[in-house]
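In the two complexes that follow, chain A is the common piece, with chain B as its partner first and chain C second.
The block that comes next holds the complex of A and B.
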């Protein structure tokens, strides 16, 4: 798959079909990959595909000028489609190099499973139905679903539907929502009072680094409401109340655009379980509007489109 | 001066004793993230931690958010009330040498360049107790930045793991005074000193990430206008604030007033040069483009700070590498700065 990707990416640049390639290259730490954004055809030799290509690369599309060949897992492709729906990028400017995704390995889960820091692990290998971790000279096996990100366990589209070049055998979706939604279900079983206290605690440690927003392809506003000063919707200080308002409003703003790619939660340096909010919103959007973002580029964007017959239900 | 030692089992007792005089802070994950927190009187699990805290201990002196004063509109202008002073001085336990050096670097700005009462009131009364790293991380590069993972001159007391005990070094007069009033410590033997020496070297050798900073100030100066270079370096940056806010030497802050009817509060809170709004002014923004902001961050640490204080404002703690959502790696960037004799036109 990697070889094919490198050839195709190189050809796209050589034949001047794109100005940029966005993909992944090996990261500087163990078990990491890092985004590669390049115009140089020689760089395509470094492109990789592995279970650590965690970033949603669609995030870079709105900041780049020119035609782009982009490596896309299923979730990335949904974000790209959502950006097309919102007219943020033009389909003809993008060549989608589709990766049938096996799911991404969550290093935090691995650390908990083996009770070791990632630095102490010798190797992590992915096989079809298990993950093998080499640590202290021993091999430890775990079922796939113990090691993947929750949003990967819930994945409804491992292989992009919308693509130009397919890089491998398509994989059928096999979401296991009971496993992926455990944290959210537990939270839903609590009383509103307990939940309020829970979120107060979580948001107390937010430092307002805005990584959640900046890593989110759906957060494409030129000017975020938190930065407005007239009126000032929230204080820019990391007080839990303001942090909570920021996140709640962000969540509402990305409703119908969020593809449950899980980036907001993954990038949070202080471990706030943001997906518990975004996934719940994702499910509410589905329940109320039978809408899953990023599935159909011809579909009208949910929140900016209005059908006459909706009036009865929604505007009362 | 003979050093002391303390048995690992006696750390709880030691902290309890110090707790009578100080507000003791130690690494904790209780809040959901590894950070300094007021010690709960029992948990010493942090002694076995593999890695340093995510939130650097600078937060004890320059908190993410603090009240500067409250104000109230009176008949003749505003009445200003300073915030209540903390009752007890802080004792920070288990400060790593990289972070201790970082606080010495912060002192240059908050004490030498100007006197910042908010920072200094907390910093000057505090005691720093260092603890040597036994397992530096893959992202650590302290040894390239003049820091040794198990040695420090920037703390008041320094603890080094020598097996069943910690060797306790009295680094400053303040540290010495505290030790003279502390019970339960034993005299360290020559053997203990030898073990400590070995432990220092072992830790030092475990730091594998290396960075050559030779001539970096001049290289950056010559590359300042190399837009192509900086654009390439900045390409994958998503302009979040992780690497700056959680950097132990970054000190930028923003000031905001909150006014409700006739009363208000002035806050200061962490800010980041990575944010586009950081330099936003009514008419223009000199760092609208991402590459200019990334350049600012790199140059501030490796060029401007050395120009002003003759020291690089980076201690190799590796947080920025490890926590970065896109694995933007400062060591790779610094090594890729081109060597030039003249500025590129």
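The block that comes next holds the complex of A and C.
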């Protein structure tokens, strides 16, 4: 897959079909990959595909001028489709290099499984349904789902639907939605007061670094409401009240565009379970309006469209 | 304690200028009685109301928020209220999931000729808010426990 990607990417640049290639190269730390954005065809030699290509590259599309060849896993492709729906990128300006995704490995889960820091591990290899970890000269085997990000276990679209070049055998979706909803189900069994207290606690840790917003491909506003000063909607000091308002409003603003890709949760430095918000919003939107973000590029964006009769039970 | 018995909910109303605001006016001029708990803000259309306004109102201490616009099909801008409907629906559901009592977020369609309906809506919503009690959502934790 990697070889094919390098060839295709190189050819795209050589034939002047794109101005840029966005993909992944090895990161500076073990078991990491880092985004590679280049116009130089020689750089394509560094492109990789492995279980650590965690970033949602669609995030870079709105900041780049020109035609782009972009490496996309299923989730990334949905974010791209969503950007197309919103006229944020033109379909003809991008070439989607589709990666049929086996799921991404969550290093935090691995660390917990073997009770070691990632730096102490010698190797992690993924096979079809298991992951083998080499540590202290020993080999340890785990079922694949023990090691993947929750959002990968619940992935509804491992292989992009929308693409130009397919880099491998398509993989059928086999989402285990329960895994994703566990936390949410538990929360729903509690009283409103308990739930509010739960989020209050979580957001008292938020340092308002805005990593969640910046990593989110659906958050593309030039000026975010949190930076407005007339009026000042939220205080810049990270108090839980304003942190919570920021995140709630962010979730509402990206409703119908958030694909529950899990980037916000992954990048949050204080481990706030943000997917327990994004997943719920994703489900609310689906339940009320039968709308799944980023699935169909011809579909009207959620918030610009309506049906004559819907959600009327909420109105007096 | 006396505070408890005398407590009156504060309701913030976002009323679209073409229908609900005129409906509120009519309620006044036709001397319909409704609770004085609502503070009304005139908005150009129900679709002007960003969810941010609703949450900010709760943050500022309002006990509930009412968004009211023209009936479906009657929006002065044709489709504004349909869009507002989607936005309010997800806001209400999402906030409910977070732990905000659903009674605090209310919406209605009131036309310019429905002074009576406006009075009814405000009466009902005020009643709902009395049941759920004061909004302590954004109070400091200690406060929330003491009460």
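One rule holds in what follows: the second predicted complex is superposed on the first by the 305 of 316 C-alpha atoms of A that agree within 3 Å, B and C clash if a C-alpha of one lies under 4 Å from a C-alpha of the other, contacts with A are read in each partner's own complex, and residues count from 1 in each chain.
The rule we apply is simple: a contact is a pair of C-beta atoms (placed from the backbone, for glycine too) under 8 Å apart; a residue touches a chain by one contact, two chains touch by 3 or more.
As the structure is a computational prediction, the values presented were derived from the model and not from experiment.
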First (chain B), second (chain C), both or neither touched by A:132: neither
First, second, both or neither for A:196, with chain B first and chain C second: second
Partner chain(s) touched by A:11 [first = chain B, second = chain C, both, neither]: neither
Touched partner set for A:113, first chain B, second chain C, both or neither: neither
Which superposed partner A:35 touches (first chain B, second chain C, both, neither): first
Which of chain B and chain C A:280 touches, first, second, both or neither: second
Common interface positions of chain A, toward chain B and toward chain C: none
Residue ranges of chain A in contact with chain B within the complex: 27-30, 32-38, 55, 59-60, 63, 116-117, 119-120, 201-202, 204-205, 207-211, 213-215, 227, 235-239, 263, 266-267, 269-272
Contact set on chain B toward chain A in their complex: 31-33, 35, 50-51, 54-55, 64-65, 135, 137-139, 235-236, 238-242, 245-246, 254, 256, 258, 267, 269-270, 272, 275, 277, 290, 321-323, 325-329, 331-332
Complex contact set, residues of chain A against chain C: 184, 187-188, 191-200, 225, 233, 241, 245, 248-249, 251-253, 255, 277, 280-281, 284-285, 288-289, 302-304, 306, 308, 310-312, 314-316
Complex contacts: residues of chain C adjacent to chain A: 51-52, 55-56, 59, 72-73, 79, 82-83, 85-101, 106-109, 121, 124-125, 137-138, 141, 144
